[in-house]
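First chain A sits with chain B, and in the next complex the same chain sits with chain C.
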Partner chain A sequence: MRADRPYLTVLLWTLLSLLTLFPIYWLFVISVKPAVELFTTPSVLLDTVYWNNYVKVLNDSTLRRYMYNSIVISSGNALLVTTLAFMACYALSRFDLAGKENIFFWTITNRMAPAAVFLLPFFLLFTQVFVIGDWKLYDTKIGMILLYCTFNLPFAIWTLRPTIDAIPKELDEAATVDGASTWQVIREVIFPLARPGLAVTLILTWVFAWNEFLLAATLTSFNARTITTGLSEYVTTTGTEWGTMASIAIITLVPALIVFSVVQRQIVAGLTFGAVKE
Partner chain B sequence: MAGVSVRNVVKRYGSVQVIHGVDVEIADGEFVILVGPSGCGKSTLLRMIAGLEAISDGEIAIGGKVVNDVAPKDRDIAMVFQNYALYPHKNVADNMGFSLKIKGRPRAEIDAKVRKAAEILDLTKLLDRFPRQLSGGQRQRVAMGRAIVRDPQVFLFDEPLSNLDAKLRVAMRVEIKELHQRLGTTIVYVTHDQIEAMTMADKIVVMRDGHVEQVGAPLDLYDNPGNVFVAGFIGSPAMNFIKGRIDARDGGQIFVSDAGAVLPVSGVNAESGRPVVYGIRPEHIDLDGDGLPATVSVLEPTGSETQIFARIGEDPIDAVVKARLKVRPGEEIRLRIDPSRVHIFDRQSSARL
Partner chain C sequence: MRSNRVGWLLLAPTILILAVFGIVPFLYVLYVAFHQWNPFGANPNMIYNGADNFRRLVFDAEFLTSVWFTLKFAFFAVASEVALGYLLAQLFMKDSPGKGFFRTIHTLPLIVAPIVVGSVWRLMTTPSIGIIPYLLNDWFGYDLNIGRDATSAFVITVIMDIWHWTPLVTLTLLAALVSLPKEPFEQAQIDGANRWQIFWHVTLPMIRPAILATVFIRLMDALRTVDEVWMLTGGGPGAATRYVGLHIWKLVFPKTDYGYGSAISVIVLYLTLVMCWLLYVGLVARRDRKRPS
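Up next is the complex of A and B:
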């Protein structure tokens, strides 16, 4: 950034901001226009504001259920994955496990094939194998949370490992000599210092589950259907309800924005400065 | 307070043995320093006393109780690490009080003990600061404060001063020594710096390659080093070593170097012709008009004294004298070696004769 030409900097950032924000603005414009206007010559200006799309969507109990499912599945998945990854990374970082680097690499192998490859096996598992009496894993929120775990956990382990590795081992040892048990070391020393890494992992895994479409569309029908798959229900044989879809898309941004704003405060770099002599 | 016994302790990493049957007795209240070059096993030995490394063989007892299978937290020890290992997310008071918090002590008791330790170490004004807001010396004091608060049976220090600059190191040396005099707690201290060892210890354990070379009081090691390694390691500048043999001349004994220089000895317990190593400390060589002729290579004046790097014949020799010299490299001076201060070592075994 050049201090002698501030207007250039401002211009550059304005352009970049517009590039990012314009699609969202356009989406919003579409969401507040009646269908008839969208099929004539749609204007990008916010000349009319028609809230009926939102009223329709918010009054739709099915959509409310999809939204609730998405929040439960994404949040449940993110919390479970981050907790498990934290434990796994601590073990991989601190204990002398036989072949731990091989285990570490092996965890990522299920991300090496496209998710569609696993679609049929998962469908069979969910409908034929994981069945107890009348209950089956298909179309359940717990089913989707566990399913996303299998995809997110390796990714989370790979994301979080450098954070745990970067926490000096001497801190564990100092706490151990100070009388802490392994759990106390994790709770009192490792967890507070790993918070930025944990926050990143939490956000990324939450977003993955929030946005996921393919598996949710195949392995849910109604009870556990998520908002992304619900969105596709507005593409029908008789036409696409652009206004409704746009308003749902805007509404789906809200929880994501809330999660981001809450978690991003934890992402503070340089927290470990001063722990040990560099 | 308690003594520490290290009995025939062995450490192996797989098939590699790094500590070979070490025995050290540390009395109650004693300040013992483990010293040696990098990789000699001193830190490993300290970590075994702390319980941070498992013992492959032998036993370690603290206060008469064998602690081989006792967890670090139950050994009643406190450790100060080389890189401080302060908890960066806790302020100074919480860092110092952490062990008591873990024990579930009441808040009032923790505060009182932290304040007392902070007063001892002059940290009272820093209690609300975080480690990142402290200088190196302050961090080191906090690390010591954390150890003091625990009131342990034994303090373990793992090269605590090696990250500090020279001036601060001298100041901290004095502080640690004062602390020991004040608290009287047993201290086991690891360093590679022989000056730290000499100035602070009641007893020094010199280690090399996983073996104990010699154990003794600092001046005892300085005056009576058991072998060439200890003689060279203890004392600064290091002792001069010249290879040669003992010879008889004029009814007495002399030393003749391999390069032909003749140097004085007295009361050597070795027969003529025996290959030996001649050892003399730089500070036991002085300027004397009747001394041996030596050619100056380099002079290093420090103000209080002058270090002379010279050659007697072909043999290099290092001397430290109080006088300020006005000679140039290449010029001749005369040096007198005090024969009563000469150490003669067997060339084969390197043991002192």
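Up next is the complex of A and C:
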């Protein structure tokens, strides 16, 4: 589709982008203001910039550790979830399994639970059930990667299913007639066509894992503590270090932005065009 | 046809993980829901009390109000997000200079953690130090006070949710739109259909499953929102933004009333499930009836 008036579109995008960016700009403003100035009459523009919060945060080896944990946990979880969801969606879409629509609906019910009371059974599972000798699932990265499946896997299955369903069945039937195995059909036919859906699923599950707070706060202490949880340590009932919190928040945008810009390139149109005729 | 064993094999890891981390904790919460249990209270033991917790919540005005507020919040937030997200996804389908750049900017709110979102919006809206009340007063003479006015607090939580989650809708619908085959659109244009007819008769039926999935996910996430609203208003003023997730949070953490908190969670889960099930059956059944024609 070609825009009839590209300048109008660009103008519209610029306005929308300003609205979208404002709270993030404000986060930046908070991060470069000394604490006393936060509680005076606000102004939109910055007059002086203090980088002290950033210096403090970047020199903090604990926070660097949390950042590393977050990257490992989010990437591990997003890759695991997207792979499992891709397999599950292919099964749900192409096989005639008994009760598959009920299974499909059941998966999403795992995302509906209000978190607060579920922290306790998770804590018990992690400290008393999944224990081998001295080793516990508590405070491990693999524990968090598996746990985040409870809310990410249903999400991934539900966002990916429409994409897989939309790929014409004639394509895999044709490939099967040509002698392709199930694995070849998945790899050569479905995977390339499902790319936009897979990319979006990967991005969003990564983000959900990156931003998760309650579970990480309860089930990790140091070895697997994530940056979102580390950042919340500056938000307390006795007083919040807004500047420190905001500067960590700004720094955490960087890895997320990198993941976004790399994966977003996969969301391109026209892959299915003409596929059936060939 | 291929053997179904392969299908079950592909589905098995998902079922296994969700059973261990989904069903087991749920059974535990269900068990606690039938007990009086306050582990840090005068009597830390679990005492079986039958359906007392459930009887209590039917007459609990605070809980019932919070359910009503949550439904209102979820309705306004999700309806706006889906409408806006669809329009933005369509806008992204057009070629325009700098499209990739704008798309990245548009998705930025998603990568801000909910507790940070709540904090920033709180600093932006707190009367006398926040930029939004300041500008509103300066430009329009409007006095925004979310610490006092229940309606403003409600509206601000909805706007914050729209700001934070519309990009999710845009991205999922964009993925659906770019995957659509081109032939039906070209055919419709040849047949002389206008934009509205193309949307109603071509686009909508094809991306309906994607819209449905997005509505579900946003709906159930909005119904259990905690972090952002907790940071923004703390549930106030009064109980105006004390949505059900926050209500449970307050029962479980300051009051450590686990028995009652669990009962409420089970009921909230049940209500969410029934609501989504009815939507699902209603909409999917309609789609299936249409199919043969």
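Just so it is clear, the second predicted complex is superposed on the first by the 244 of 278 C-alpha atoms of A that agree within 3 Å, B and C clash if a C-alpha of one lies under 4 Å from a C-alpha of the other, contacts with A are read in each partner's own complex, and residues count from 1 in each chain.
The working rule: a residue touches a chain if its C-beta (ideal position, glycine included) is under 8 Å from a C-beta of that chain, and two chains touch if they have at least 3 such contacts.
Fair warning: this is a prediction, and the values are worked out from it, not measured in the lab.
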| item | value |
| --- | --- |
| Clash-or-fit label for the pair chain B, chain C on chain A | fit |
| First (chain B), second (chain C), both or neither touched by A:44 | second |
| Touching partner for A:180 - first (chain B), second (chain C), both, neither | first |
| First (chain B), second (chain C), both or neither touched by A:122 | second |
| Which of chain B and chain C A:192 touches, first, second, both or neither | first |
| Chain B versus chain C as contact partner of A:170, first or second or both or neither | first |
| For chain A as apex, the angle formed with chain B and chain C - C-alpha centres, to the nearest 10 degrees | 80 |
| Touch count on chain A, higher of chain B and chain C | C |
| Least Cα gap, in Å, left between chain B and chain C after the two complexes are fitted on chain A | 5 |
| Residues of chain A contacting chain B in one complex and chain C in the other | 168, 176, 193, 271-273, 275-276 |
| Partner chain A, residues of chain C touching it in the complex | 1-2, 4, 6-8, 10-11, 13-15, 17-18, 21-22, 24-26, 28-29, 32, 88, 91, 93-98, 100, 102-117, 119-121, 123-124, 128-131, 134-135, 163, 168, 171-172, 174-182, 206-207, 209-210, 213-214, 216-217, 220-221, 223-224, 226-227, 231, 244-245, 248-249, 251-253, 258, 261-262, 265, 268-269, 272-273, 276-277, 280 |
| Of chain A, residues touching chain C in the complex | 1-3, 6, 9-10, 12-13, 16-17, 19-21, 23-24, 26-27, 30, 38-42, 44, 84-85, 87-88, 90-92, 94-97, 103, 105-118, 120-122, 124-125, 146-147, 149-150, 153-155, 157-159, 161-163, 165-168, 176, 182, 193-194, 196-197, 199-200, 203-204, 207, 210-211, 213-214, 228, 231-232, 235, 240, 242, 245-246, 249, 252-253, 256-257, 260-261, 264-265, 267-273, 275-276 |
| Chain B residues touching chain A - in the complex, by the definition given at the top | 50-52, 71-73, 77-79, 81-89, 98-99, 102-103, 130-134, 136, 139, 146, 150, 163 |
| For the chain A and chain B complex, residues of the former touching the latter | 168, 170-171, 173-181, 184, 188-189, 192-193, 271-277 |
